[in-house]
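Below, chain A partners chain B and then partners chain C, in two separate complexes.
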Partner chain A sequence: MAVNRNFRTCPTTGLVFHEPAEKLMRWNAVVAVVALLIGGVLAIGVLLTRWQAVHLLQADLFYQFLTAHGLNMLVFWIIFFEMAILYFASSTLLRCRLATPGMAWVGFWLMVVGALLNNYAVLRGDSSVMFTSYAPMGAHPTFYAGLILFAVGALIACFVFFGTLVIAKAERTYHGSVPLVTFGAITAAIIAVFTIATGAIILIPTLLWSLGLIEHIDSLMYRTIWWGFGHSSQQINVAAHVSVWYAGAAVVFGAKPMSEKVSRTAFLLYIFFLQLASAHHLLADPGLTSNWKIFNTSYAMYLAVLASMVHGLTVPGSIEVAQRQKGFNNGLFEWLRKAPWGNAPFVAVFISIVGFGFLGGISGVMMGTEQLNLIIHNTLYVPGHFHATVVIGTTLAFMGLTYFLIPVLFRRKVAFGNMATWQAYIFGISMSGFSVFMMGAGTLGAPRRHWDISFAGNPFGYEFPATAWLMIALMGIFGVGALVGGAMYLAITVYSVFLGEKIQTPDFATVSAKRGMAPAPQPVAVGATGHGAGVGAWGMVAPGTFVLALVFLTSFVLYYFVNWKYLSTVWPLR
Partner chain B sequence: MSAILPPTERVWWKEPLDRVELLWIVIALVWCLIMFFMMPYWHVYGQQNLANEAYKTSPEAFAKKADEVIAKYKVREEGPQKIPVVKPPAGSDVYLVARLWSWQPILELEAGKSYRIHLMSMDWLHGFSLQPENINIEVHPGYDHVLTVTPTAPGKFSIICNEYCGINHHTMISPLYVVK
Partner chain C sequence: MANTTESNVPGDDVLEEPVPAMQQLLDNPFLLLFIGIAVPTVLYTIWGVMEIVNLPIAK
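Take a look at the complex of A and B:
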């Protein structure tokens, strides 16, 4: 096969794009946004039905909408976008030609066909089985077949990514070690391979069962293995959006990782321990021992939580160091006050870090504590938690990355002036409120995936406390804000990509990957290269971040023991 | 832009750590260990734990045992479906059947007394969610899950289903009475 060596150098960022890789990035990003659009439209129906004051949809439509919303958002939007990130982190960051672009397109089209097939199954109306599709509740065979095709496509893309790493190494397109962001992407891809393999192990027998070829699928076996796929796929997101945080800090501030050693070790901990987390979903299930539950739910000994706490310090810490070196070195927080609060990628990444840590991270540990799970399992607390991790953490970080990539990848200006910045604020803040109030309603017992918690017309009704109803109403209001924010993102992105003002690019700088690299992009003029010598206070380069980290830890500890206190008041159980 | 460039120091793993990172790693690790040991601690000193007692069984066998208990301890019937209410003696085995879309029987328990409640589904997955206590447990078909519970105060409670189980999921609700 003829090797395509067409490269262009982005005139604004100095990034080098291999043309086939660039095209794949663009297509994956566009399809991702289409999935986000579909998921977003479905979210309107879901939200306005759960908001009991509106109660828009009938039960059957509600469950159908909820199923499709979960799949389009959690799977199709995020994974298509992650494929673009994998190609970016390998081909672009390593200035390397993409391995086997043809296979990458096969993977892409398998993913598209799989996504369409799965959506078709749900649209039929006989596959409203939720994202989790717990057997023995069965869906139409095309539901599982679609997911399997999608997974095979994603697996091919992962191997194209690995192949590109091999080529980059062989052709010496970079010196020393891969960049930290690429390292994070490798983490995501390794977790993805594990995840997809687990998905195959459970979805293939389930497909055969739905076709009548297998007699019985055990419900506990299904849940145990399925969550090795379902939870792990969210861990791909964590690795990916943490990489995006580092990339954001690098792009906006020219920030250098505080310590490559620490950040890379933290990613390594993800590879070793994140996979154990399928146990989070099985803490209230029969047939598994407490020893198994405790070891797995805590990722051995919370070693993956440790990794996230490290990233949560090192990303803002590296921003603080970069800012202090630029001269914002007064007091504890001048670096933060003088941050570019009008820069959309920065605002998105910043809210993503804070929301993921304070809302998503802390609540995740609560649910994943064996006994605390008893007062949380399957309540609205659960979707409250994962809207904080997956939407504020992952989606918002990806939105920030989009605003960086539109000029770079599509050569168009981000449309509508400051609207992108406003979008990040509106979406981030609304989603935070939405998650908090959802978790509040869950703490008061309101169930998830439930069409009518008023139990209207039921001889055995139950009335949730008035506070729970208030929380639901507030969730509805903030949810509408989040929908507005999501619509703004779609409007900006679609308009910019198709109709935005073109950035005039000089002809493609075609160079051979082996010889003529474009000149290395220089770090932003201010010397953000040192390790931060001469800045900071108390013998620390990032004292402000340390104070913020202690605030985080304090809220974490307090909230943790508040939940134990709450648990100690419920009926004794053994 | 160096997180997106190869590390400037080729031997990056020998660079010393800054105090801020080292201190935070130590603090975070200690906190992680505290959280880890909190779970075994609660198994020893706490009151709210699942006992890991579960048996594989068939829906027919489970329903038979449930019917025996209903026949023995039925005190009345409730609701348009005439669902039996049972008042079992303290310490006894009680079988709660979850099926599309009902719980059966209705339980009447005494405050301060312990009961061995067996949970199992006849068909799909269901969720045992006791309100307003807010105790939530997954109910599987084929697994008889035994909980020893001790209601603390009298009152009317509700068991709602909180694992999605199809179109009438929201109608799957049952009272549970605790008397003095």
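Take a look at the complex of A and C:
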């Protein structure tokens, strides 16, 4: 079979696109955005029901919406987008042809069919089991079958990614080690393989059980293995969006990682330890010992958290160094004040880093502690936490990447002037408020996945404190802001891609590389040369970032101890 | 732009220094893949499943 060796060099960025890989990136990105649209429309119903003052949907419809919202957002939007990132990080960044594009298309279509089938199951109305689908609560067989097909498709894509790494090495399209962003993508793909295999181990028997071929699924066994899948898939996101942070710093500032060694070692810590944190979902489950719980969540998870802090420090640090070299070298924070606050990818990545660290990271460590987990288990605190990680952290980073990719991948200008920048602010700030107030309501005991916390008409009720109600109202208001921000993203993206102003490239040509050879190596257009010389203050190249890190650590420690104090009042030892 | 750095990038066959062990690990995606699957499979999945399997059945 003839191998397509046609490449295109992007005239603005110098990035090289292999024709079939480019098409796959486009299709995966487009389908991802469709999933985000569906999930976003469903979010309207979910939000306006949880906002007790509005209480829009009936109970059964609420749970149906909630199930589909979780799946379309957490699984379909994010993973389709990640597939595009994997192809970008392998084929484009290594300037290499994609391995077996045919298989990649098989994977893509399996994912599409799987996503459709799963949505069909939820639409039927008999599969409102939430995305966790805890046995013995059963869904229609198409629910599990859809997820399995989707997972198999994603697994194929991961192996196309690894295959491309092999080809790049064999055909020597790069020298030495792969770029850091590609290394981050490798981390994501490795976690993905574990995630998907674990998903198959639990979902295949559950499918057989829903078909009546297996008698019984043990609920604790289900939960333990399922979370190896459900939690690890969130770690694919972390590895992917951290890679996007590095890419963002390189693209916007020409920043180079402060230390390749340190950043790569941090990714290595992810590979070793990140997935073990799955155990934090089982901290309140009986049957598993504290040894297992504490080893997996504390000792191991803290090493992964350490890695996240390294990334959260080196990305802003590299930006600081790049800015100081450009002359913004005064005081501690001139580099930050003079940052491009009107540049949409920068704003998105910046809010993503800060929100992920301060809101998602700190709350995650708190609730991952076995004792403290009791305060917030199954409350709104939990979705509050993960809207900070997976929405502010991952989704917003991907939004920023989209604004960079629209001109590069689709050769169209980002439409509506600086609305993209406004979008990043509105979405980022509203989502932060939404998460914070959700966590606030959760700390006061308001449960998650609960249709009506007023218990109207029920024989047994519970009075939540008035502050909890206030928090939920504020959550509702900020949630509406986030919906507006999400709608702006969809409007900008869809309009730009299909109707946006075309970018003209007069001498554009697709180059065919000879067999066994990729296009002549060029320095990637981004990335400054040499750094560290003569910038900084206090004997440090990035003192501003150091101060920010101290602020972070102080908030971290304070918050952690406040919660221990709080625990002692919730559960007094007399 | 293309030609400025090309000459001083060493080809991987003309490296003089031996590659450090840590870098060899980081440069080997399949070894990393193995680690990334083996570690959680043993410490999370197998250990967890063994604990559940060994729970005494209620009478």
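Quick notes on this structure:
The rule is short, and it goes like this: the second predicted complex is superposed on the first by the 546 of 574 C-alpha atoms of A that agree within 3 Å, B and C clash if a C-alpha of one lies under 4 Å from a C-alpha of the other, contacts with A are read in each partner's own complex, and residues count from 1 in each chain.
Convention: a residue touches a chain if its C-beta (ideal position, glycine included) is under 8 Å from a C-beta of that chain, and two chains touch if they have at least 3 such contacts.
Please read these numbers as outputs of a predicted model, since none were measured by experiment.
By the touch criterion defined above, A:I186 reaches chain C but does not reach chain B. In the superposition on chain A, A:N296 makes contact with chain C only, not with chain B.
When the two complexes are overlaid on their common chain A, residue A:H175 makes contact with chain B and with chain C alike. Once the two complexes are overlaid on the shared chain, A:R448 sits against chain B while remaining clear of chain C. Which of chain B and chain C touches more residues of chain A is settled by the count: it is B.
With both structures placed on the common chain, the touch criterion links A:I225 to chain C but leaves chain B unconnected. Of the two partner chains, neither chain B nor chain C is touched by A:N237.
Contacts of A:L268 after superposition on the shared chain: chain C is touched, whereas chain B is not. In the overlay built on the shared chain, the residue A:L276 is in contact with chain C alone; chain B does not reach it. By the touch criterion defined above, A:F464 lies against chain B but remains apart from chain C after alignment on the C-alpha atoms of chain A. Contacts of chain A with chain B, set against its contacts with chain C after fitting on chain A, overlap at residues 175-178, 218, 220, 282, 287-289, 520-521, 523.
Residue ranges of chain B in contact with chain A, taken from their complex: 1-10, 12-13, 15, 17-21, 23-25, 27-29, 31-33, 35-36, 38-40, 42-43, 46-52, 54, 56, 78-81, 119, 123-125, 127, 129-138, 140-145, 147-152, 158, 160-171, 173-175. Residues 1-2, 4-6, 9-12, 22-23, 25-27, 29-30, 32-33, 35-37, 39-41, 43-45, 47-49, 51-52, 55 of chain C are the ones touching chain A in the complex. Residue ranges on chain A touching chain C, taken from their complex, read 14, 162, 165, 172, 175-178, 183, 186-187, 190-191, 193-194, 197-198, 218, 220-221, 224-225, 228, 232, 264-265, 268, 271-273, 275-276, 278-279, 282, 287-289, 292, 295-296, 300, 520-523, 525. Looking at the complex, you find that chain A touches chain B at residues 59-60, 63, 93, 130, 134, 136-137, 174-182, 218-220, 223, 246-247, 249-251, 254-262, 282, 284-290, 294, 298, 301-303, 305-306, 309-310, 313-314, 317-318, 365, 369-371, 373-379, 443-445, 447-453, 455, 458-462, 464-465, 520-521, 523-524, 528-529, 531-532, 536, 539-543, 545-546, 549, 553, 556-557, 560, 564, 567-568, 570-574.
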